[in-house]
Structures are given as structure tokens and as C-alpha cells.
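Pasting the structures here.
What follows is a pair of complexes built around chain A, which joins chain B in one and chain C in the other.
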Partner chain A sequence: MAISFSSHSFAQTLSVKLADSDGNDLADVVIELFGPENVSLENIETNDVEIDQVDKEFVPGITLITAGSRIRFPNSDDILHHVYSFSSVKTFDTPLYGMADESQPAVSFDMPGVVEIGCNIHDWMLAYIYVGESDKMAISDDSGVATIQNLQAGDYRLKVWHSRLSADENTMTQSITISETQDTEVSLSLELIRDRRIRRAPSANRKRYR
Partner chain B sequence: MPVELICKAHIPKVLFCLYTTAMITSAPRLAILTVAALSSSLMSSTAFSNTFSQLSLSASEEGNITRSLDSAGELNSQIFRVEYTHGKLVQLNVDNSLTLSGLVSASKYDDFEGFDQLRWGGSLSYIHKSGFGPYAPKLGFDLSFSHSELEGDARDNNLVTASFSYQKRISAAWLFNGGVEHQISRADSLPADPNTLALIYDDPSQRQPGEIYDFEATTLFTTLEYAFENGVLLSADYRYTDGVIISTTKHPTLHLYKISEAVYSDSAFSEGWYAYQIEANTSAWSLGASLPTGTDSSINISYSLYNIDGSEHSNYENDIVAVSFVHNF
Partner chain C sequence: MKFSLSFRSFRVRLIVFLLALLTPVLGGIFYYVNANNTEYTEETINSYLELGADVFDYTREQQATTLQAITSSLTWDFGFRTAFAASDPATLFDAALNVMDRSLDSADMLMITDLDFRVIVDTETQGFDILEDSWLSLLEEADASEEGRSETIVTISEMPFQLIALPMYLPRQVAWIIGGFALDDDFVEQVKETTVSEISILKVENNTTPEMIVSTLPRTQQPLLETQIDFNFSPSNQLQRINYDGEEFTSLVRPLYGTGSDPLQIFAVIQRSYDENNENVVQFQELLVRFYFGILIASLLAVLLLARSITKPVSKLAHAVKKIEQGDYGQTVEINSKDEIGDLADSVNSMAKGLAEKEKVRDLLGKVVSHQIAEELLSNPVELGGEERTATILFSDIQGFTSYCENKSPKEVLGALNEVLSKISDIIEAKQGVVDKFNGDAVMALFGVPIKGQHDTSNAIEAALEIELALKQADGRLNACIGINTGLVVAGNLGSNNRLNYSVIGDTVNLSARLEGLTRLYHVNTIVSESSKNAAPEFAYQELDEVCVAGKSESVRIFELIASQEDVTPERLEEAKKFELALHLYREQKWNEAESLLFELQESGRNSPLCQIFLDRVSQFKETPPTDNWKGVFVFNSK
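Here is the complex of A and B:
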């Protein structure tokens, strides 16, 4: 997924190849570019999207939106879910609701940053919403490649975020130059902290439904 | 003993005064009616409820199935068990949920067919979550009933269990659970046992009842779990029970008979064995490891050690090693 709302007709492309420290392709990494001509937040197009709940998991696990966008949280399970966030970027919770309940209003995300959402009924459910402040963003695919097109040549600041990136606020930045004559390719190796999520599988101790 | 005295005698039991008062006369029947009535109303509320099933296959080795006092009488056995649970969770609102489930279980004892048993029952669990998120504490109340059917009648029993629990996730890795549990077991009335009467030379003044599974027990329990990044879960569990022990001996004595609460020929063994019940406090320690084999299944290994301090300095030990596979459908 990539978002680019430049009104100019530039043709350069940035491809960032992302891998972990063992060389494995890394999906779900967000890249965001700043400069040389930044569009102010109020002039960036918003995009309304959905994060579904399927088999007691959020789908997708990472969603990329621009500030001011809205998200709906439909429920495709035949049980109740209760979506919430404690994140300072956006604190909210939905009422308890079930499948085909269309009455839930979309939630607006006005501040840039990362929002971690969960389900209050199913503790292992976890997803991230990356609210960008630039008009140039992308998420890496399963092959670990994130691509942003229609870039003007020049010097940029590249911001990289992953939910397990071993850095302050799971974010790293670096300077990058987009060539006038050819597409730019960058390879980055990210050091990740280990994934520690609340376990979903049953155990002999906890036979009750989870 | 009057109900009021039971409630005053043991502080933990005060928590169960109301429950005990209701249950004391016809505990299993009342529990069945309670679970049945609630299940009827729950089953009708199909909206936003989640039906679930769980299959558990286990194999274990128990070191002292006789609960024998001395090593000469200790007999060990391999036990194979299949257990199926089916239930429904109803999310009442944001903070509260009810789970109703029924189970059937079959156990096969290697070499001791008299212990082979079928068990069936049901349970109702109420969970209150105090706040948002995975770290909000949960308060639980469980009421369950089960019936165990073995060869012969001496070990058949109806068991009602009520428990209060407190659960708090400390981090994504650590989980604490603790609480108190009260059990009431009732056995069918048994005919007079000529073998046990012979032990006391048929002196009616010393006669003990034969219903070895008539008892009450209160347990304090605590569990600490640690989950690794790869999902492997380690658990440590401690349970202290103020209750009874049901033991078996081939060499009954008049002293043993006198300190027993009930004695009967043990139908689980061959002729000449006697099952008896005495008051006892039990400390049970368990260590376990659970290896997830998917989001809905796991393989579990555990070791449990029981130290049982019975009346008149009669001390028992038992240990159980178990491996099980649990799958949620």
C-alpha cells in the first residue's frame, strides 16, 4: 500500500528493500518521506478505510492513513467485539457490537502518530494504525519492498517505523537523495525486538473459552 | 454440624456461607437445577454468544493411586483420559460474561480396571473484568457439577464445586491467578458392608458410615504463568486444601477404622482392600509447560506433587506426571 498525493508530475520512484538483521524480508514496515516540498497537513487528502475483525483477529494488522482520515471497524465474527485504544495519539473505545452492526460511527484520527488498538474481549487481538503527517508513505509487502512513486528529485528525510523496531518509538530516520535521472533503490536492515504478544492458544491450565 | 458453626469454624468458608447454606441439604440436586435453569436462559440468548468445543487427550502416571501410607502399599498406574467440553460464552456487556459448558470424560487405568471411570458434568462461569485492556483484573465465580461413575458403587460420587478467583495479567509474559474453592461431594447411600463390620467385631457403637465420598473441602489456590516470546508457557501452581483424603489399604486396623470418617470395601480393587476417608490437609505443587501447536491447540506437560497431612499423623505422598494435547474447535 502506498499513498502519494503530489499534484506535480514527477516520475521518480523510491524503492526501499527492508530486511531484519538475519536478512529475512520484512513486511509491514512503514516508510514516510519529508521534503523538499512538504504539503501542510490540512492540504493532504484523507482516506476513509476499514479494519475488519475476522476469526478474532484484526485485518489488516497495520493500517496506513493520513491525518484527518476516518476508520470504521466492522465485525465479521458472529460474536461481540469491543475495540479500544489507550494511545495518546487517539484514545477511544467503541461500544460492544456484533456482526452486521452498521450503526458504529467511523473514528476520526486527526493527529499524526501510531495508534495501538485492541479488543477488550479478546486480549490477544492487536493492530496498529499509522497516522502519517506526509503525503508520501508506503508499507512494505511480503517481499519486504515499500515503494513510493511520483517523487521530485532532491534531498529527503526518510522515516521508518515497525512495531518491533529496536529504537525510540520504534522509529528510525535517515537522509536520502532522490536522483533526477533514475529510480532510487535503498536497502535497510532493521534490528527488531522479539515479538511478545499475549498468547492465544489454550493450555491444560486454562480450559475455559478464551 | 449446624450450618452456622461450619461458617464460623473456618474463615475461608465464611465466603461460602450463603452457598453452603443453600447446598448443605441437597447440594448436587440444587447445583444441577441452578446450572440447568441458567443454561436454559443462556441457550435461548443466541445473539452474540460464542459456541466452543474443546478436546483433551491425556496420558499420565500416578505414583500412589491407593494413597497408601507406606511404600509397600503404594501402587502406580498409567492413566489415559479423553475429555470433551462443549459450551457457550455470552458476553453480557463490556465488563461481564457468562460461560456455560458441559463435559464428558472417560478414564482408563492400566492394570486397575476398577478405577476406570466415566465423568460428566456442567459448569457456569461468571467473569467480571474491571476496566479496559489485557491488564485489567478479572474476578470470576464458577459453579460446577460432575458425576463420576466407576465399577461398583463405593467410589461413585456427585461433586459440586464453587470457586472465586482473581486474575491479573502483570505483563504480556506474566499472569497471576488465585482464589478459593469449596467442594461438596455426595455419594449414593450404600448398603451395610459385612467386611467392614467384621473389622470392629460388629460393635454398632463404633460403626462408621460407608459413604467414603461424602465430604467437603476448601482450597486456596494460586497460579503464576510465564509466556516466552515463542508462546511456550510455563506455570507454577500451589493448592492448599482443608478437607479429606480417600485412601485404600489391604491391612486395616481398628485404629485406622476409628480415625476414619467412612470405611467401605473398595470396589476398585480386588477383595480384601478397604477404602477409607480421613480428615487431611493437602499441599499440592505443580509445574507445567505448554507448547502451542497453533492458535487453537497445545501440548502440555506437568508434574504435580501432593503432600497430604492426615489425622493422627498419617502422612501420604503422591505424584503425577502428565502429558496432554488440548485442541479448541
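Here is the complex of A and C:
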């Protein structure tokens, strides 16, 4: 019933405008929609991606995958990296490896949640892997807008995550209704905590550019 | 009395003057230098202490930085990260101890808390799960800061610990890690080595008395610091002086933890010995004092020498002048200097010479002229001219001197004359008379000039009596012929400008000389004029005649000087009366009565030559009676 009801209205778009409490556009915010009809994890497409390491930074800084997806961590730098995660969602670490080393197996992320990865050599290297359990996810661009298309009208639960979001697990959820007739636009103001990060080791920079 | 006497000495005055001059100057220098030195010392100590405090802070910060390095490297340790991720406190505790071990004593304690400040690991095992008080505020401060770093000082088991708090990343912050090192003996000794200052750390709990935690001070001095130090002050870098059994320490207080109202306050006290720093100043002070006395002694010696160089010739001069004052003109002062004293000595010598010459002149003058005239000449300006004075003039001649000189050589004559004249001269001077001049055996003497006396005429007459006696005693052949007259004379310096003679002139003088001449005629020793007789009535006289001398129109009554009233005999007075009666009859032109009386007198023998004179005149007048206007005056037409 629900399927037939919604079959002809699969054309709505949700765009969420995200800003911090000062009104600044907020990029790298993950939105995830649940409902009205839940899709079981087994039926969600996995997407194998790569997180590259370029100039001693993870690229990209945030990666959206669905549970069950696998990620490879190629090394584009001419030095070795040691990728690790102590996140409960997925704890792993690679041995030190370099650019030519293609034998690194892809790491599969089976549980939904956020995984923080780092490099044991370069303390400032930090990337987030958002392992979603929904097929409707998006990440906000530089203008602070995250868009999910092809939505059928109905009541949804919107989950919002940001690495500095001042909330438990950096996550907040709220209900949202997608209109039948028009695109839905939502503006959200997020309260952030301080961005405390490890600075790049200055000696490394100096050596590099000398 | 003695002091005032000695104070009058030139030397003492010079010394007092020098002291009065030198003492304020040297004292002023001393005060100024001393004040500056003391200020300098205090500034030096203060700057040393400030430096000490800075070193203390620096050392603490260096330690903290080291601690931070060690603590933050802990978070890089993959084994530690793994252990942390494993959430096994026992393993983490061992890992923490392992890090402390590797820190080479830079870290004395480690604590790890989760982001909700729950204690995961505490190497000091203080037994609290949730942080409180200063620990909590340390982390809250770190959480609020940009870098997530903060530090503080706490006491753990009575020992102050410098704490530093840092976030632990995995790779995001998952915990707080707190490192601490003890501000213990090792620490204060280390600071002392760098600053050469005593370092103490004290705490004050609930505003009670300060309590020593650690100190580089000897144990005996620590309680003294506890009792003397005052933490209730402002501003915080106030300097205090602490006394350790006589040795002063300048102390700088640096608060380490807590402020005025906090229950726990920790202070660092940095101290330096004031006396030790002041040692140079004290030495310099001693040097100054020695310098002061050196200058003083040198100046005193110089003053004594100077005073001596002045007082010695001066007292020499004074001695000589005193001798000169006493009449010893032979003094010469030998001073070989070209200064004012030398000039003065020359002047004194010249003065003595001048005085000696003057005295010589006075002496000579006394010999040439009479003493009184000499005085008159010396005391008044010597100039021509004179004044009219009343004086008694005495002319004396020696009758019979020619026969006395028979069979004598000229030299013997002169000797004899001088002898007689000396006697006469002595008599005259003894009677305050003045020998005016000698003329052969004749003497002219003045009484009443130049110095007027009370009994000038009486003196002259007494002199005459003595001369008469003296000549008679000298030789029976010698007889005095004396004329005395009193009246106005002109007295003064007679002569030319170059050659003067103090003398008297006038009719009185002339008459006196005439009277002397008349003695031979009347055969008497001394003839006195009426004016002289009247001026000296105390003697016995016998009137001789009334005469008109040559060149004079007025007549004078003349008298023979008999003797003093005491010496005269009644017979002689009777005789004189009879003669004066005969003279009276003669003047009355009672020739016969006069003649008979004169004969009677002649019979008695005493006045026979004189009676013969008048008997001759009477017989002459009997033949040729005098003119009608004859009054009994005998006129002499030749001198």
C-alpha cells in the first residue's frame, strides 16, 4: 500500500541548509534520512571507496559509506603511513606501508557509526568515516547545503552528524515531513564545540621545504 | 680658663679652623658616597633577587615544558594508545610508570582522566575518582584554553607539585593527561646553583603561620624564616629583610599558588645575604674613614708646620720688641724670609736702629744743653721763635779764679774750672734750674723756663746760697759773684735755621747780668733785684741801694742776699737794719746823721767797704749837693 501510494511521487528533494550558531555556512555535515519505509541493511547497496593519503593528510577528510562497504587506504606520499582506528565501530590498524605497496587489503566496515582514523606517524592526520545504515545520505558542501533527491513524500527521521556537534555522539535527530507537491527546504543551526586539533609538526614542514 | 688661653694661640685657632673646614667637607663626601653605595648595594641585591625569581620561574617553566614534551609524547606511543583503547586501568598504570621511568626524573607523577574528569590512572594513588578543587580547575582551564594546556601548583602529601595538563588524542581527544614534578629539594638546589640565592618554598593554610615545605637554607635558619616572613603584603614583589642570628637577608617573595583569601597559598622566597653583598661597601667605608684620618693628620701636620713658620718668627719679633721697649736698642732680629714677616723684622731692626740713634742724640743733647731743655727740644717741634715767660735769671761768676789758677798749667786750669763749674751746674740742676750757658768761669742759669715750677725764684736764691758755700768750701780764695733777677723774658730757640740755641733774652736777663757785675762794686756775694726779693720773701736781705743801670732809665732797688731766715744771726739782722736806716738818712739827704751811722757801722767792720762807698758819696754830696729831683738813685753810666 505504501509502495503504491508513493510510486508516483518519487521526485521530491530535501535540501538542508546548515549553519553554526553564528550563522556561518557549515560544510562536512552528514545528514541521513530514515523512513517512512525502512530498508534492511542487506538490501542497501555497498560502495567500496578509497581514502587516499596526500601530503600527510587523509583525502577526503570525511567519507560516507553504507555498512558493509570496504575502504582502501592507498598512500600517495613518498613516506610511510600507519593508519589506525581505536573507534569501537571498527578497530584496526595497518602496518607501515608505502606508495608502491598495493598489497594492502581493503578494510570492510560492517557496523554503522563513525570511525575516526589516524596515522601513528603523523599525529595531526585525522579523517572520519561515516558508516550509514540508510540509503539516503548526503554531506553538506561549502555553502552548507546537503541535498537528498528522489524522495517520496512522507514522515522521516533526520539524523545529523558533525565532528564538532555539541551532542552525544556528535549526533542529533529530528522528525521531518517531505511534502508531496514541492521540494522540502530545512535550515538547521548547529551548536559546535571547540575544534581542538593537533597541529602539524612544524619540524616536518621545515624539513620538507628546505 | 686654660682652654680659653690655649684657644688664643694662633696654632690652635688654625687647627680649629682647619677642622671646621675639613670635617663638613669630608663628612659630606663620606655621607654622599656611603648613601650612594648603600643604594647601589640594595639595587644590586634587588636585581639579583629579581633575577633569582626569574630563574626560579624559568626553571619551573623549563621543567614544565620538559614535562609537557614527555607527557604529550606519551599519547604518541602506539603501545600506550593500544593500552588506553583496551580500557585496562592496570595496564595503563604500568604504562604511565614506564613513561615516568623514561623521563629521567622530569615527571614525578602522571594522571589520566576521561573527558568528564573521571580519574582513569593516578600514579600517586590519591584515591579520588572525580577530580576536585585545584585539579578540577586545572582541567577546566585547560579545556577552556585554545591549546588545551594549563598548569598549576598543588600539594601532594605536603609536597608542592608543578602540574601540567594536556589533552590526549586518539586521534581525537579522548582523555586528559596530567603530568607533575615535585618542587622538592632537588629543584630548589638546582635553582640555587644557578642564582646563588637561597630558595625556600612555604605554604600558608587558612591564614595560619607560614610553614616551610622545602628550602636550601640550613635547618637552623628555616624556623626563623617561618616566623619572620610576612605574606600579607602588596605588591607581590615586595622585599623584606630577614635576620638570621645577626646576618641580614634580603628576601623577595613570589606567590606560586593561591591569593589572599584562598585556604591554601604557596610562596617561593628568594634570599640573598645583605651583609655579604654589602661587604664591598663596608670595606669602602673603612677605606674612606682611613682616608679621612689620613687627610686630617696630613693637614694637621701641615697646619702645625705653617703655624710654626709664623709663630716662631713672631715670638722672636715680640721678644726683640720687648727688649727694645726696655731700652735695649742693640737688638736685631734675624729672620730669613722674604714675606711680610721678613718685612716686619726688617722694620723692627730699622726701628731699633732709629731708636738707638735717637737715644744717642738725646744723650748728647743732654750733655750739650741741660736735660730739661733737651726734653723741651725733643718733645716740641724745633723751630725758631719764642714765648714771653716769667723767669728768674741767675748769673754767677767766680771771683779770685785767676789767682787760684796761678802756677797751674792750662790743662790743670781747665780741669779745675770744669770741676767748679760741674759743682755749680749740679747745684743749679738740683734746684730745678737750667744751665743756659757757660762763658769762661761764668754761668747763666734759668729758673721757671722752660718748665715752670712753684718756687722758681726761691730755688734760684737757694742755689745762689749753695754756690756761695760750695765755692768757699772749694778754696778760700774763691768767691761767688751772683746776680739774680725775676721778670718777663722771651724764651725760645734762638739762632739760625740750622743751628739753634734754647735761651732767654730781655731786660730781665740784662739786669741780672748787671747785678752780677755790681757785686764787685758793692763787695757782696749776691745781689737780688726787688722783684726777686718779693718773689722769695722767706730769705733775709739787706737793701743795698737804688740804682739805674747803664742803658736803663728806670731805677731798681737792689738787695744783698744774706742767708735763709733760719741761718741768719740776730747781729747780722741788726746790722742790716742799721745800714738800711743809714740808707734811709742818705736818701733824706741828712748827710751828717747818715755819715755818723755809717761810721758806726764801719767801726763794727762787717760792712766797711759798702759803708765806705756811701761815706764817699755823702762827703761828695756835702760839697756838691744833688739836684732837686734826686731821689737817692745812683746812676751807672757804664756797664
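One rule holds in what follows: the second predicted complex is superposed on the first by the 192 of 210 C-alpha atoms of A that agree within 3 Å, B and C clash if a C-alpha of one lies under 4 Å from a C-alpha of the other, contacts with A are read in each partner's own complex, and residues count from 1 in each chain.
Please note the rule applied: a residue touches a chain if its C-beta (ideal position, glycine included) is under 8 Å from a C-beta of that chain, and two chains touch if they have at least 3 such contacts.
All values derive from a computational prediction rather than experimental measurement.
Enquirer: Give one of first, second, both or neither to describe whether A:Val54 is in contact with chain B, with chain C, with both, or with none.
Expert: Once the two structures are laid over each other on A, A:Val54 reaches no partner at all.
Enquirer: Is A:Ile198 contacted by the first partner chain B, the second partner chain C, both or neither?
Expert: both
Enquirer: Regarding the shared-chain residue A:Ala11, is it in contact with chain B (first), chain C (second), both, or neither?
Expert: neither
Enquirer: Regarding the shared-chain residue A:Asn120, is it in contact with chain B (first), chain C (second), both, or neither?
Expert: In the superposition, A:Asn120 touches chain B and chain C alike.
Enquirer: So, A:Gly98: does it touch chain B (first), chain C (second), both, or neither?
Expert: It touches chain B, and chain C stays clear.
Enquirer: Which of the two partners, first being chain B and second being chain C, lies in contact with A:Tyr84: first, second, both, or neither?
Expert: both
Enquirer: By residue count, which of the two partners contacts chain A more extensively, chain B or chain C?
Expert: B
Enquirer: Would you tell me the residues on chain A in contact with chain B in one complex that are also in contact with chain C in the other?
Expert: Chain A residues touching both partners: 82, 84, 86, 118, 120, 123-124, 196, 198.
Enquirer: For chain B, which residues count as touching chain A in their complex?
Expert: My answer: residues 47-50, 52, 54, 56, 58, 85, 87, 89, 91, 93-94, 97, 99, 101, 125, 129, 132-134, 136, 169, 172-173, 223, 225, 227, 229, 231, 233, 235, 237, 288, 290, 292-298, 300, 302, 322, 324, 326-328.
Enquirer: Which stretch or stretches of chain C touch chain A in the complex?
Expert: So the residues of chain C touching chain A come out as 75-76, 78, 81-82, 84-85, 148, 167, 169-174.
Enquirer: Okay, in this complex, where on chain A does chain B touch?
Expert: Those residues of chain A that touch chain B are 78-80, 82, 84, 86, 93, 95-96, 98, 118, 120-121, 123-124, 194-205, 207-210.
Enquirer: Looking at the complex, which residues from chain A come into contact with chain C?
Expert: 82, 84, 86, 91, 116-120, 123-126, 163, 196, 198
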